[in-house]
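In the two complexes that follow, chain A is the common piece, with chain B as its partner first and chain C second.
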Partner chain A sequence: MLRFFLRRFAVAVLVALTVLTLAFLLTRVSGDLAISIAGPNATQADVDAIREAYGLNRPLVVQYFDWLGRAVQGDFGQSYFFRDRVANLIAARMPVTVTLGLVGLAIALVVSLPLGILAAVREGTWVDRLVGLVAMIGQAMPSFWLGLVLMIVFGLQLGWVPISGVETWDGYILPGIVLAFSAIPSLTRLTRSGMIEALASDYIRTARAKGLTRLSILVKHGFRNAAIPVVSIAAVQLGFMLGGSIVIETVFALHGVGFLAWESISKNDFPVVQAVVLVLALIYIALTLLADLLNAVLDPRLRTA
Partner chain B sequence: MSAAVMPAGRGARLLRNPGFVVGAAIVGLCAVIAILAPWIVPYDPFAIDLDRRLVPPSFMEGGDPRNFLGTDQLGRDYFSRLIYGARISMVIGVLTVITSGLIGITMGVLGGFYGGKIDDAVVFAITTRLSIPAVLVALAVAALRGSSFILVVLVLGLLLWDRFAVVARSTTMQIRNLDYVSAAWCAGASRWWVLTREVLPNIATHLAVVATLEMALAILLEAALSFLGLGVPAPLPSWGLMISEAKEYMFFSPWVIMIPGAALFVLVMGVNLLGDALRDMMGTDLSR
Partner chain C sequence: MSALLEVADLRVTIGSTAAVRGASLTVNKGETHCLVGESGCGKSITALSVMGLLPRGAVRETTALRFAGEEIGRYGERQMERLRGDRMAMIFQEPMTSLNPAYTVGSQMTEVLRRHRGTPRAQAVDRAAELLARVGITAPGLRLGQYPHQLSGGLRQRVMIAMALMCDPELLIADEPTTALDVTVQAQILRLLAGLQKDLGLGILLITHDLGIVARVADRVSVMYAGEVVESAPTAALFAAPEHPYTRGLLTCVPVPGKAKRDEPLGSIPGVVPRIQPGFAGCGFRDRCAQASAACAGTIPRREASVGHEVLCTLPPRWGGAAAA
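Presenting the complex of A and B:
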């Protein structure tokens, strides 16, 4: 067990280091950073001054280790545009993104668990096919467009919820629904296949033979086993949702890290962009690590893997 | 798809699958529209007419029979722009699948076939790729390099290979020790022969399912990037860009975003229906 944890942890650290390196290379290899910062109207002298001021004239390796050394301590440097420390900016915006992610995940689970169980119990019938179709519709829905449509219908025409911002809690409803759409298809399918597998197993037959009620069989024996992969995928989905929230935050003008990244991208504020990429990647790595560990704790059969 | 991969019986079964028929019809229609775009558009999709801005579609109140789907905020014919948009989505989808497929399949097959250190490296690359927020990185690269059509294809291709690699790897692992592969070795086949003539054809249907999923994803991501202003540059009529440009007017004339959005949804749905039918046909579920 300990061996498994250590091995898994070592891989996570290695992946994190690789992502750190890639985040550094992202801004250095894909163009001249000084020219990008200086903007289209800058003279050569401006570009040189920026290169000097930001230390971009040093050898790449020196810049890399300098940046890496600071980054692992949580120091992502200074924003060019916001005139603040990048770490402060991200810390200030993080709660909005995390709240949005959790609301989205909660909505996704509330929708997909019953749908998946229903489809499994009625496997092969029209109910099952209908659930499959719902999942496919969710998969085909362009999130930014769904966001705009919901804004028109529920925000403007019905006036039930605010159309942008999160000054009040109900501002999270529409973006949460849109974000949930991205996770509903895979969570539903996984719940369905997990339940089908569980319902076909010997312990369910035993439970039936003992004369337990249908509900008790479904929930206690079936779903508990089917839930193991769902728990870990839910954690991974949360990571994906946080990473993908940039589109939804922009649509709904939610001032989370995604919106921060978008603002910074349009302002050529690369330390911020780099740091947001990094933080979201690190959260994802941590969540997948957590998912694997949870899996191992919940299902002892996996520990030797 | 070669005949060896899909015997006639399976083909006939596919045609009886309503999902396949609908999906194939949608994707086929989009492909034809994309190819024939210059010859079937009623107007030049780039021709601006500031006197006739935001004319509603002809079937709505205040519509003009000259413009079937109305005109946009610059007076350009919406139907013509929608038709050219199909071209952009289809080309981006196909090119991204080719790029990401080449990368992912190569990595997956090598990892699955050789195992050991090579496989470890492939798995590590997949894990690393998955932890990188794709949309954000695509946006950042587009901002640094300046967005263009070809850049969008390259960035999406370089970001979306993970599922190809995962599926190619697991399916290759399953068949590498099967009798027909061993038989090929015994018959003195070269490594290249075994990989390209024995392994690849036998994992091709699984990869076809992944290809549909990735195509759908690429089309959606291109639209999202263009919507955020860092995808296909204006005045190209990408559906995502059309939604973005029209969004200021959506509260007064919702059809300006409904039309390109619905087109996007229908095309992606069609691609997904195709993939789902292929998956049903195989009876396995490796593509998730």
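Presenting the complex of A and C:
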């Protein structure tokens, strides 16, 4: 188990380093940084001064290690637009995005796991087909449109929940639902197919021959094995939710990382954009590692691999 | 000897296939009853019918399905659940895949006892270790903490047997328990089953297509063909005087030391087991039978060739002179 963990951790660190290196290189190949920082009306003297001030006249390797050294300490430099450190900007907005992502994932799991299990148990019946139809409609629905519809119905007409902001906890409900909708179809389908495979297996026949209760057969013996691919995909979906909440944060005016990314892109605030991309990539890597570890807990055969 | 399991006129239909067509058999206490026949003859379906484990869409009918004197044919799923794993247990052909890969051997074994008897964990673990030792597994304490993928096929089948014995069942149904194992392990498993039967007084319904196994362990044999029991007899009688052309055919397929001659080909039965539709009349074997006549398309009489030796065939007793095999 320890060896398994160390190996996965080493791979994760390597991937993270690759991402950091790519992020650095991309900013260097997208043109002369000094010129783009100085702006269109700058003189050559201004550009030289900026090049000197930002250390852009040093060899590329030196710049890389200097940047890397500061990046791993969480220092992403100064925002051009906001009068603040990039790290502070992200840290201030991260809780909103993470909360939203977790709420979204929780809703998605609460809906899709029972639906998937139900569809598998009733495979081939109208229940199964109805679940498939719901999943398909969910997948086909654009999230900004669903967000607006929910806002109008539950926020404006019924007045049950706030339509924007997260001053109170219930502000997370509508955006959480919209975010969950993007993950529900794939999680439901995966749960269904995993359960169908598990329920047809010999060990389920053994469990039935042992006289176990239906609940124990379905959940303890069936779902435990079907959950392995679901965990992997749920981790990827959470990554998507954290990184892909730009649209939803904008629609619901939530000041999270997605909203920050949108603002920064529109204002050419490249240190912020770069840092947001990096942080999200690192979160993604961490989630994948977490999923691997969870799978090793679920499936003992993976631990020796 | 009293009957532990009585199956009378069992019929199972799966979709448009009549998988079992009026099979009857009796397993007495402390007796091994072998069910033999080619693949697709309805042996496993018969066993699953008794356990109430038929696949979805299968329809079962019987005139009687008695277990320890009780009619269980009308039992609901809840009642069958309580019986399975407790008083009747089953082991399967596929030891490699029949254990759940996600749980330890100990967890899967103790689960049965905890479910049926509410035994505390510590006591259930003791019982599991005792049974693992009983089925010839060394270091049972170590094995209890291991996962199925850490065990060989032979060990897994022993675990399956030990697990089946957790609640001291009266009936053990073994569906080709040694087919997937290599020959030396096969012999060990069979010796083990025979020993357990002697010690615990188990009734065993053993499904196999290996007549060598039948000759060694069976008290009584039923030969199944196309969903029917075509011949049923005490083991010695069946091997000495097989009556049904199918039984004789099966026996000529097996080399007998001292009898099979060098350069003389072993027998074989041409053709395959047909898929029988509901409403089929007559003998299911007639298309492959060298002795078939017009009478074989009608109702086939069930005759008694000798005491306890029944045959489903139109041919007269001891046709073609002495036993052909």
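Everything below uses one rule, namely that the second predicted complex is superposed on the first by the 255 of 305 C-alpha atoms of A that agree within 3 Å, B and C clash if a C-alpha of one lies under 4 Å from a C-alpha of the other, contacts with A are read in each partner's own complex, and residues count from 1 in each chain.
Keep in mind that, in the parts below, a contact is a pair of C-beta atoms (placed from the backbone, for glycine too) under 8 Å apart; a residue touches a chain by one contact, two chains touch by 3 or more.
Remember, it's a predicted structure, so these values are computed and weren't measured experimentally.
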Handout entry: Side-by-side fit of chain B and chain C on chain A, or clash
Key = fit
Exercise for the section: Considering only touches as defined above, state whether A:205 meets chain B (first), chain C (second), both or neither. Expected result: second
Practice task
Mind working out whether A:142 is in touch with chain B, chain C, both or neither, as first, second, both or neither?
Solution key: first
Exercise for the section: Could you say whether A:88 touches chain B, chain C, both of them, or neither, answering first, second, both or neither? Expected result: neither
Handout entry: Partner, of chain C and chain B, that touches more residues belonging to chain A
Key = B
Handout entry: First (chain B), second (chain C), both or neither touched by A:125
Key = neither
Problem - Touched partner set for A:57, first chain B, second chain C, both or neither - result: neither
Practice task
For A:298, decide between first (touching chain B), second (touching chain C), both and neither.
Solution key: second
Completion exercise
For chain B against chain C after superposition, the smallest C-alpha distance in Å amounts to 21
Problem - Touch list for chain A against partner chain C, complex - result: 201-203, 205-214, 216, 221, 224-225, 298-301
Practice task
Can you check the complex and tell me which residues of chain B touch chain A?
Solution key: 124, 127-128, 130-137, 139-141, 143-145, 216, 220, 223-224, 227-230, 240, 243, 247, 250-251, 254, 257-258, 261, 264-265, 268-269, 272-273, 276, 285, 288
Fill in the blank from the handout: Counting only contacts in the complex, chain A reaches chain B at residues 11, 14-15, 18-19, 22, 26-27, 30-31, 36, 132, 136-137, 139-145, 148-149, 152, 156, 186, 189-190, 193, 239, 242-244, 246-247, 250, 258, 261-262, 265-266, 268, 270, 273-274, 276-277, 280-281, 284-285, 288
Exercise for the section: Give every residue of chain C touching chain A within the complex, in rising order. Expected result: 51, 53, 77, 80-86, 89-90, 92, 94, 97-104, 111-112, 115-116, 147, 149, 160, 163
